[in-house]
Amino acid sequence: MSIAKGSITGLIGPNGAGKTTLFNIMAGFLVPDSGTIRLEDEDITGLPAYKLFHKGLLRTFQIPHEFERMTVLENLMVVPPKQAGELVLSSLLRWGTVRRQEQQNRRKAEEVLDFLQISHLTHELAGNLSGGQKKLLELGRTMMTEARIVLLDEPGAGVNRTLLGKLAQDIRRLNTDLGYTFCIIEHDMDLIMELCHPVVVMAQGKVLAQGDMQELRNNRAVQEAYLGG
Amino acid sequence: MDWGCFVIEFLQVIIYGIVLGCIISLGAIGVSLIFGILRFAHFAHGDMMSLGAYFGLVGVVSLQLPMYAVFPLAMGATALVAAALDRSIYRWLRSSTPIIMLISSVGAALMLRSAIQVVWGPDNKIYEAGIKLPYIFYGLRIKPDQLNIIFGTAVLVVLLHLFLHKTRMGKAMRALSDNMDLAQVTGINTERVIFWTWMIAAAMAAAGGIFLGIDTRLNPIMGWRILLPVFAAAIAGGIGNLYGAVLGGLLIGIVQELSTMVISPAYKPAVAFAIMVLMLVFRPTGILGGKE
Amino acid sequence: MELAGLLTYFIFFLTVAGIYAVLSLGLNVQWGFTGQINIGVAAFFAIGAYSSAIVTTEASPFHLGGFELPFLLGILAAMFASGFLAFLVGLVTLKLRGDYLAIASIGIAEIIRLFLKNEGWLTNGVRGIPAIPKPLSGLTESGDALLFLLVILAFVFVIYMALERLYQSPWVRVLRAIRVNEDAVQAAGKNVLRFRLEAFVLGSVIMGVGGGLYAHFTTFISPSAFDPMFGTFLVWVMLIAGGSGNNKGALLGAVIIWGVWSGTEIFTSRLPEMWVTRASAIRIFLVGALLEFILIFRPQGLLPEKPPKTPGTARSEKSGVSPAAGRADT
Amino acid sequence: MSLLQVDDIYGGYGNADILHGVSMHIEPQEIVSIIGPNGAGKSTVMKAVFGLLKVRQGRILFNNKDITRRRPDQIVHLGICYVPQEFNVFPSLTVHENLEMGAFIRKDSYSEQLDHVYELFPPLKDKRGQSAGHLSGGQRQMVAIGRALMLNPSLLLLDEPSAGLSPLFIEQIFERVLEINKSGVGILMVEQNAKQALSFSHRGYILSMGGNRFEDSAENLLNNREVAEMFLGG
C-alpha cells in the first residue's frame, strides 16, 4: 500500500487483520521478514524507531503511552529533537543555551496545548488525565516536531463523542494548516468517514480493497470480511 | 605430561565439575521456579542455601542424626523459613514491580546471612572431621562424599520431576508458571500454589547448601558466593525451565572447574559470569529456551 | 576533654556520611533517575579508591605506584577508571532487562573483588595499599580532620548542585520518561540506549569519586573495605530510605542511615562479651529489616521524588493563578 | 428467572470507562451472542461479568445472586466458567493435565466429566499426552473449552472462540458449542464472525461504542439491513 503526500489515509479492517502490526513495522518497532518500506523514495526498512522520528515519521499508540508521573508540559517537552540539554555536559556548562532552548520549547508546547485547547492541563500529571485527554496528548506530542507523516493508532478508541469531534477537527486542521500527512487506524467508522480519503481495508494480513468509504460500504468483499463468512 | 596423564587429569576435573554442577543445579532449580511463577530474580536464594547447610549442621552435630535423616529435617526447616519470609515480606510487595521484589530479596539475603552469623558465628564449620579415602578407578579419584552428592542430586531431581508431573500441586505450579492469569480464571488458588513454590524451591536450596557444606566448608557467606553461578546456571539453561537449570548448573560447574586448567583458580567465579554474559548476549532464552 | 572527643567523633561521623552521600547521589542517578539496578556499587567504589590511591602514592615495591600525583588528579583518575568500567559493563548489559543488569552487576562486583585480591603487582593483594596521602594535612596542628571534612563537604556540595541542575535539564527529563515508557521515548526520536549508558556511566563516575575520597580519608585501603555490605547495601538502604529520585533524599538518607548504623554501634558495644562478636551481624540484620520495612510501608522514602520546575517564562508562573500549577508544584 | 442478568453496567480499565450502560440477560440453556464492530466493548462486557475489570456502576446477577465485583476465583465456584480469547491453554502442560487443571477446585471425582469432554472432542483423546503448546489452533480451542467444562458449569463464557481458526475448524467448534448447550449449559459468546455466530444462537446483542444498540432473536438480527450496515458505519 502507499500513502499519498498530504492525504489522510484510513486503515480499517476486522480485528486480527494485522493493522497494528503493519504500523509497528512502518514505525520501526518490528522488522519485516521481507519487503521494503520507502519514505519518499528512501528505503527505511528496518530502521529503528528513533531514527525514523528524525526522518519525520511519527506514531502514536492505541493505548496512550503517556509518561504518567510527568506533567503534561514535560510530556511534550521530551519530544523536540536536538535539545542541547540532552547532553550531560552542556546541561552543566552551557546552562544559558539550554535555558533559552527550554524557553523556546516551552513556548512551542504551550502553543500546542492552546491549539488542542487543553492548556488548563499544562501542569497536571499525565497519569491523571482522562482517556480522551491522553489521546489529545499523544497527538500533541506529534506536533512538537516537524513531521512528514504521522501514524495514528486508534485515536478515537475510548474517547467520548464530544472530544472525538474535537479530535477529528484537530486532525483536519493539522492536515490543512500544517500539511501533515496522516495514516489512521480506526474502528469508529464515523470518524473514518468524516476524515479519511482514501480508506484502505485490510483483512487477514492483506490489503483487501482501497477507495472511498462510500464505495467500500457497498463492496461485497468488505462486508463479508466484517460480518464473517 | 604425557597424553594418558592429561586425559586422566581432564576427567578428574570433569568429575569435580559435575559435583560442583550438582550443587549449583539445586540452587538454580529454585531460582528458576521462583522466577517462572513470581517473575523476579530472588537474590536471597544463595543465603537460603547457607541456611539449609546450617540446619544440616544442627542435625549432624547437635542431634547426632545420620545424614539421611538430616536432609528431610534441614529441607523442611528451610522451607518453613522461606514460607515465613513470603508471608511476612514478599507477599506485601506482590503488587509492586518485580524490581522492588528483587531489592527486597537483597534485604532478605542480608537478614538471613546475619541471622546465621548471630546463631552460628562467623567461623568456618565442617560436618565431620577427618579425611575419607577416595575410591580410585583407573587413576581417577572420587571421594564417597562426591558420589553421594551426585547420587543425592539425581534422586532429588527425579523426585521433583515426579512431584511436578504426578501431583495436583505440582501440575498447578507448572500451570502458574505458564500463565498466572489463566490459572486464576480457572479457579486455582494462586496464593497457595505460590506458598508451595517457596517451600519446594527452599527445600532444594537447602539440599544444595548441605552438599556445598559437605564438598567444602560451612560459613555464613557461602551462599552469597555461590549466588552468581546459580543465577548464571538458571539463565544459561533458560530461566523458568527446570531441566534447563540442571543442565545449566552442570555446564557452569564443569566449565568453572575446567577453567582452572588454564587460568588462575581464583577467577573461577568470573567464568560463571562470562558464560552468563555470553548467554545473555547471544542466546537470551538459554539452552533449552525459557520465559522471554 | 569530653567535648573535644565528641567533636572529633562528630567530624568523623560527618566525613563518613559525606562519602556515603557521594555514593548514594551516584546511585540516585542510576536507580532514582533511570531505574537501573546496580547491586555492584562496591565495585565502582573500590575502583575509584584504588585508582586514586595508585596514582597518588609514593613508589612502593608492593604495588604499582610512584606517580605521586596531586589529590585532585587522583580523584580524576578515579572518575575515569570507574566511568570506563561502567561503560564496558553498560555496553553489554543495558540492552537487557533490568533484572539481568542486577545479576550482571553482582558479577562485576565479584570479579573486581577477586581482581583486587589476586593481582598483587597492582594492588598488593589482601595486604592493601598504605600511606595514601591525605590532602591539606599538616597545615594546622590539630585541624586535619576538620579540613578534610571541608574537602568532602565541598565535593558533596558540587556534586549535589550539579545533579540538581541536571535534574532540571532535558537530559533527566528523558531519563525519567524512559523509566516510565521506553517505547514512547523511542517514538519521540531518542536513542534510549545512549541515554541509559550515559546515566549508568555518570552514576558510576560519581561512585568513583566517593571511592577516591574514601581512599584519601582512611589513607589505607584493602579489598575487605569494599565488601558488599558497606559498599553496596548500605548505600541502597540510604537511597531508598531517603527517597529515590530525590537528590536531597539521597543526602538525607546517607546521614540518617549512617547515624542509625553508628548509633547501633554504641548500643551493641555494651552487650555482654559473648555477644560483641555477633553485634555487627545483629546490626546488619536490623538494616535488612529496615529496608523491608521501608519498601513495604514507605516505598517512596522520606523525601519523595517531585517533578522539577520547568524553566521558562511560564504564563502561569507570572500570573500565578492556575490551580493546576499550584497542585503540581507542591 | 434469568440465569444471568446484567443491569446497566459502567466500567473499564483504570479511570476511563469502556462500557457505558450495558444491559443483557441470558436464560437457562440459551445461546446468546454478543456482536458488534471492533472496539465496541464486547469482550469487556464478558470480562466485567467474570470480575476481571472494575464495574463502576450497575449490577450483575447470576441465579439471582449479586456477583458484581466478585473475584474470578469466587465466580468460578458459583458455576460460571470463562474461556479467554488468547493464551487460553497452559502450553507446557499436556492436554490431559490442562483438563485436570480445569477441575482443580473440585473435591469430588471428576473422571466422568473427563470422559464426557473426551467424548465431546474426540481428537483430544488421541493427543492427551501431548503438550498443549504443540497443538493446532483449533485443537487448542477444544482444550480451552474442555477445560472450562470440567467444572460442569451452568454458564459458559466464550470470548471469540472462532478467532484465528480456519473455516473448517470454526464449523467444528461451533457444532461442539451447540452440543454443549444441548446438554444444559447456558452460553454467552462474543463473536467477530457475526453471521455464523447468529446462525446458531437463540438471541443476540449488538453493541456499539460501549452500549447496547440492538437486541433481538438471532433470526431477526440476521435479516436486519441496519445491522449489516452498522459494521461499516453510518
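We call the chains A, B, C and D, going by the order they appear; numbering starts again at 1 in every chain.
Methods note: a residue touches a chain if its C-beta (ideal position, glycine included) is under 8 Å from a C-beta of that chain, and two chains touch if they have at least 3 such contacts.
Keep in mind that what you see is a predicted model, and the values were worked out from it rather than measured.
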{"item": "Intersection of contact partners for subunit C and subunit D", "value": "A, B"}
{"item": "B-D or A-C, whichever has more C-beta pairs in contact", "value": "A-C"}
{"item": "Remotest chain, subunit C as reference, centres from CA atoms", "value": "D"}
{"item": "Intercentroid distance (Cα basis), subunit B paired with subunit A, Å", "value": "49"}
{"item": "Approximate Å spacing (C-alpha centroids) for the pair subunit B, subunit D", "value": "43"}
{"item": "Centroid spacing, where centroids are CA-atom means, of subunit A and subunit C in whole angstrom", "value": "41"}
{"item": "Between subunit D and subunit A, distance of the C-alpha-averaged centres to the nearest whole Å", "value": "34"}
{"item": "Per-residue overlap in subunit A, given as positions that touch at least 2 other chains", "value": "none"}
{"item": "Contact graph of the chains (line, ring, star, complete, other)", "value": "ring"}
{"item": "Chain pairs that touch, as defined at the top of this document", "value": "A-C, A-D, B-C, B-D"}
{"item": "Touch list for subunit D against partner subunit A, complex", "value": "12, 14-16, 18, 37-39, 160, 162-164, 167, 191-197, 209, 228-229, 231-234"}
{"item": "Contact set on subunit B toward subunit D in their complex", "value": "168, 171-172, 174-175, 177-179, 181-189"}
{"item": "Residues of subunit C defined as touching subunit B within the complex", "value": "35, 37, 39, 92-93, 96, 98-100, 102-104, 106-108, 110-111, 114, 117-118, 228-229, 233, 236-237, 240, 277-278, 281-285, 287-289, 291-292, 295-296, 299"}
{"item": "Touch list for subunit A against partner subunit D, complex", "value": "14-16, 130-132, 154, 157-158, 187-190, 192-193, 213, 216-217, 222-223, 226-229"}
{"item": "Contact set on subunit D toward subunit B in their complex", "value": "50, 52, 72-73, 76-77, 82, 84, 87-93, 97, 100-102, 104-105, 147, 151"}
